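Letters A, B, C, D, E and F mark the chains as written, and numbering starts fresh at 1 in each.
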Amino acid sequence: MRTTVLEYDLSKIVELARQGKRLDGRGLEEARDFTLELGMCKNAESSARIRLGETEVIAGIKMGVDKPYPDNPDEGAISCGAELLALAHSEYEAGPPSLDEIEVARVVDRGIRESKAIDFKKLCITEGEACWIAFMDFYAINSSGNLFDAGSIAGLAAFLTAKIPKLDENNKIIKNEYQGKLELKRLPLLTTFVKIGGQIMVDPTYLEEKASEARFSVATTDDGLMSAMQKGPGSFTLEEVNKMIDLGFKIADERRKKLLKEIK
Amino acid sequence: MSGKVKENMPDYKKDKKRVDGRKMDELRPLSIKVGVIPNADGSAYLEWGQNKVYAAVYGPREALPKHTQNPLKANIKVTYRMTTFSVPERKQPRPNRRDMEISKVLGEALDKAVFTEQFPNTEISVFVEVIDSNAGSRVACLTAASCALADAGIPMKDMVAATGVGKAFGELVVDLDKAEEDAPDAVDIPFGILPNTKEIVLLQMDGLLKKSEWAEIAKLGYAACEKIYEIQKKALTDKYQLSEVSQNQIVDKSTPKKVEKDSVKTKKESKEKAKKVKK
Amino acid sequence: MSGKVKENMPDYKKDKKRVDGRKMDELRPLSIKVGVIPNADGSAYLEWGQNKVYAAVYGPREALPKHTQNPLKANIKVTYRMTTFSVPERKQPRPNRRDMEISKVLGEALDKAVFTEQFPNTEISVFVEVIDSNAGSRVACLTAASCALADAGIPMKDMVAATGVGKAFGELVVDLDKAEEDAPDAVDIPFGILPNTKEIVLLQMDGLLKKSEWAEIAKLGYAACEKIYEIQKKALTDKYQLSEVSQNQIVDKSTPKKVEKDSVKTKKESKEKAKKVKK
Amino acid sequence: MRTTVLEYDLSKIVELARQGKRLDGRGLEEARDFTLELGMCKNAESSARIRLGETEVIAGIKMGVDKPYPDNPDEGAISCGAELLALAHSEYEAGPPSLDEIEVARVVDRGIRESKAIDFKKLCITEGEACWIAFMDFYAINSSGNLFDAGSIAGLAAFLTAKIPKLDENNKIIKNEYQGKLELKRLPLLTTFVKIGGQIMVDPTYLEEKASEARFSVATTDDGLMSAMQKGPGSFTLEEVNKMIDLGFKIADERRKKLLKEIK
Amino acid sequence: MRTTVLEYDLSKIVELARQGKRLDGRGLEEARDFTLELGMCKNAESSARIRLGETEVIAGIKMGVDKPYPDNPDEGAISCGAELLALAHSEYEAGPPSLDEIEVARVVDRGIRESKAIDFKKLCITEGEACWIAFMDFYAINSSGNLFDAGSIAGLAAFLTAKIPKLDENNKIIKNEYQGKLELKRLPLLTTFVKIGGQIMVDPTYLEEKASEARFSVATTDDGLMSAMQKGPGSFTLEEVNKMIDLGFKIADERRKKLLKEIK
Amino acid sequence: MSGKVKENMPDYKKDKKRVDGRKMDELRPLSIKVGVIPNADGSAYLEWGQNKVYAAVYGPREALPKHTQNPLKANIKVTYRMTTFSVPERKQPRPNRRDMEISKVLGEALDKAVFTEQFPNTEISVFVEVIDSNAGSRVACLTAASCALADAGIPMKDMVAATGVGKAFGELVVDLDKAEEDAPDAVDIPFGILPNTKEIVLLQMDGLLKKSEWAEIAKLGYAACEKIYEIQKKALTDKYQLSEVSQNQIVDKSTPKKVEKDSVKTKKESKEKAKKVKK
């Protein structure tokens, strides 16, 4: 990995944090605004492009037909993948999945899966024979920090807009024909925090991530539940965790409102 | 490709227009925007019919591992990839042999466009990512990558303009879409040139073609590439309206490189701080 | 996880005890032995209910390849693996994505426990191997790895004590077993702390939890970790009965590191000959 | 990669090329002669060893039974692979497929596949159930330039002589018994050129490849068609491409004649 | 690989060997004693932990149901794997299988497989449909030399104690219920030797392996047969090989006696 | 191997000859040609019954990566591979575990044949490729590789001569073919020696053998290897008829290495220019 981060910037960020300030002028509890585009990838069953500050992520869903797992013959499945494209940052490299890619994919996946938003039984086509697998993959296009939240918003938008293809009598997908949409019972969203200079701040930029002592994400739903937590590097006090959970609910609510308005 | 005989197969000689209504020598709608990826030294986003691709350039930066360094020139390394959802049937995430071959030929095409000898021992990394596709993604990527290189302020002999040309349903056509690529008589020729010198830098072929048809196809290809080139130049001008830096940089080989670089650099000063490889 | 509705599902509120007879805040039997792998600089073997894990520490040793070296601190690199026969259905030998993620979070948890700044440019390699499992293998490994680091004489701020906490069959519980992890309302929270400072160094969550339940769960977690911590300390004392070196080394941050290291070194002189990285 | 090429040789080659000459005395439009041996590998359904100058390549075909692709239930398939064995040159290494290996395999494959020489429908055994896959793999034994043409000749020879095994009632191959041969409707062959010192020359040696500014291959058939083109590094004018296509037809015709004489 | 072996120790070992002595005081033909624990891994169909001197190895068996190979529709199979865990020695690394891992796994496998101790036909469940595969994997926990013999003893103990799960009507394994045990017709065990300073010695330590000029293993059975041989590095005279085979029978007999006593 | 009971199974005790008509101690036809791969520093092509293999030697050349260099000796690195069409059922292109093990044991066998201490820090790369096979491909490769090493002018203590020996259909035999390897009582012993010293450098075994049979088998093996050795020497003489360089080089250990190398070098002068590693 080639390092291009300036030590100067990092120490400046720490210094500012101690004063309760941030390099881009945001408040500590202020997330960056985001914009959303939907459906630009016609080959996908759904697609979403999000820009969270300068961070840009594209998510898409492909629906595939497969045999159910023998343990759950009456259930389909979802799968979430992430790629931190070398396109998106000079420090990224093409190659096998990095630990960072695996972690962000799995945390976004858990936020959705564990919320039980999607009823896997409704993804069953024929018990023991055929089921749907919803493959959601998201890609970093420009990486300016907090791919967790960007991936989570893009992923949720993709699941919310995914169409289910029609099948012929042999359970083969008929191209460009659809029978309906995925249903979500609740709407989980991740909110991510870092600690810098002892201060908790939400939605870190790339440099803030570099400068941070600790990182934490929490997935919260519209019906007041938590569906995933993930501490990254560093440590937190219980009070800090509690504060981040509270803020997580608040920020996810705002983001969800905006998201739903875009999707209608 | 599949050679399936379909009912109601189009007959372009009779129909006088193509499946999607285009004329034989008509391109699908093409738009390019440069400078779309703030982290990159240069970048472009391109939509061409259903094709949608990103291109990003990082470098010139030290070529690593060391043994890949060429003391005479920069290596142009292209990485062509497709998202899993960019094709009708989900693509496996790991790169396949087609991805690798396309990466190779695109790199070989761009190599002729860049004054690589000005940056010995470095690598110019070009990443192209297809997020939606419908035949022609490699020429879309090459066209976008050229703009991204220019956007990165890298001294170039010219940009590469590229398109598919070939044959479908009985006629010679430009810019085949998927329906045409699947025609029983389909011939698909990815074709890329340096418009200033007319040099051919990309040339491949799938399909079965009479020798006599090639001359006509090449003519169609040159004409189409000229149109593409205008769109490429406009994309750069749209970003750099105030000066003609990018234009000069591309077409005027006599300009001393130092000046070119500096003039571009003024646009990206904040970026430069973080850059590693300097001349 | 699977959410299957079973006949005769337990109801913990009514039953007042758990499937295996435990109280809600009761740990499964836990035993730890340190110094079990003679080749390692430090090691531990832990049995916790059905879970059985080994931990071994090698280093600090030169971090390789060179570009991974950090001039400010040691890298803690954890490798979490499971044997093929440690799970009900044979595990494939090659590491999967779960193994990789767990390796990452365990390393991030231990990093806060070690005075890493004392060993710049080195790597402290921690290997944990699960040979039998029944929910909670990652916290078992983290608990064992902490003891192995202490056994290796590596200066530590504190050991990490970790356990699963969460919810099953209607009640908040500690140290969930597999039956509980499979409960329809299961919430599993791998939870690890530095007992001296109460800092949380491991925190993940699977399942669907009310915010109000979290406060109670955290309380259960802290209490359980205190019990685990006592067992960890006893495991070290059992090995080093004659002195309190390990204890001092862990709890007393003010002790000059040089002295700590030397005092531990006296116990492992024969090993030192073969060691490569020295300060 | 270890480099053993002498700069001296390369500049000499360029200098000679400018005078219309080549290091081995050949004319610019003169291909090296080749020799062919057939059928030496008894475990293969066909095998061919070609020596094109000092370049030696061995190709073989194994016929396998598999399920047809769902999209083409009434078709079999072919597959072409290439290995530039570390045996064949000091610069080659054992390991995962290199870009050069992938390219030469795919170009040889396209030359044959796109010519429609092989009717994939005739490779169907039972629709939707079983079909033949003809696996042709070729290996560089001594690499002295132009593996494209050597692989193409060896590959075509292998396809032309491949026997189709007999099957039992369960579509299992009966060893050492055959029901017939692969049929080819036309005979595509690649011809490869390089440009050195501005001069086009055919059938380059290893050193000529190293010294070249550009490379181009064209597959042509006995019925006057082109089935594949591939430009490698460098650039060509349209006139140069046209000239190479013309020469490609001529040289492929000569090689085909020789090939058919060997096969009878 | 990081090397931590002291040249001093190695030359001392060679010097001692010339005098017929060993660093740990053992006689040249004296194997280290071993201890055995069984059944500690409840998720395994059998498990065995062996300590051979300071070398510690854990072996376990998982029984899986699969389709028989088309060539042997009425037979099941066994599979032996080995991992030299990075846990077990400072010179080991996590990563893809090393040549040493592959060799020790394959030699232990051959010792058992070729002895025909296990009747593969008895592993058939339904001809052509379903069969048992007994996966035995062993792991080095502390590597102090002679993983061949340690793996062989642990592996044999695992096969001797492996339970066969019950199946439901769909040939799916019923957890925690068993229908019987694997049967072994004979009991093959490896015995491994090195040559140091011209002297043959049995059951080498890690340092003795490093100091050795040559290595040899032989698998022998309780009914006086040899079922595998493997020469590692170096060379032996025929007389040396004959001597090692004789010793191999003797030492394996002793070990087998002890093993059977532990298993009862 | 498979242990299938066949009708009409041969009975060698009764038949007095083998399936393919050979006597019990008779080798299949064996021919060797050296110098067949012009690019290689040494090479050989061998046909032995249906087995057909190439061997090529490159080096001694600098061992890379650096950390593999041994300051006391050259590394002999053998890479054994089979083409996809060299076996009855198509082999997957990527090397399998059998390929890896065979590469290892062949390298260990050749290591004893070469004066490796003369080339510290280098690697002698030996590549063997099986293009057709019928039992015994590893001994065919070892036999060919020895000739290739001699052809490369690398100073050798001796060549390795190797063959399969063992048992089939009731008799002890040499050079088993596939039908014999599949006999229900088959024992296959890859056996390789340095004929000058009688040292055994390759020894493996598959199958179930009485101890008493081993002595007889070893005798058969030595005798067969002597015959093979003659064919190896003849292959080298056929190439180098004018001098006895190769012979001297192999059998006469006292000859100063410098002279040996030079005398061989005269035959490969043109090659030397391109070589990288020189003493």
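Quick notes on this one:
Criterion: a contact is a pair of C-beta atoms (placed from the backbone, for glycine too) under 8 Å apart; a residue touches a chain by one contact, two chains touch by 3 or more.
Remember, predicted model here, so these are calculated numbers, not experimental data.
For the pair chain B and chain D, there is no chain touching both partners. Counting steps between touching chains, the shortest path from chain B to chain C takes 2. Chain E and chain F have centres, each the mean of its CA atoms, that are 28 Å apart.
Note on chain placement: the centre of chain A and the centre of chain B lie 31 Å apart, centres being C-alpha means.
Chain B has no residue in contact with two or more other chains. Listed for chain E are no residues, as none touches two or more other chains.
A ring topology is adopted by the chain contact network, closed into one cycle in which each chain touches exactly two others. Begin at chain E, move on to chain F, and keep following the contacts round; the order you get is E, F, D, B, A, C.
Listing the residues of chain B that touch chain A in their complex gives 37-40, 50, 52, 54-56, 58, 61, 64, 79, 81, 83-90, 93-95, 125, 127-129, 131-134, 273-276.
Residues of chain D touching chain B in their complex: 1, 71-72, 97, 99, 102-103, 105-106, 110, 114-116, 120, 216, 221, 224-238, 241-242, 245, 249.
Within the complex formed with chain E, the residues of chain F that make contact are 2-3, 67, 97-98, 100-101, 103-105, 108, 111-112, 189, 194, 198-211, 214-215, 218, 222. Contact residues of chain A toward chain B in the complex are 2, 4-6, 40-45, 47, 54, 56, 58, 60-62, 64, 81, 83, 85-90, 94, 96, 135, 137, 139, 141-144, 175.
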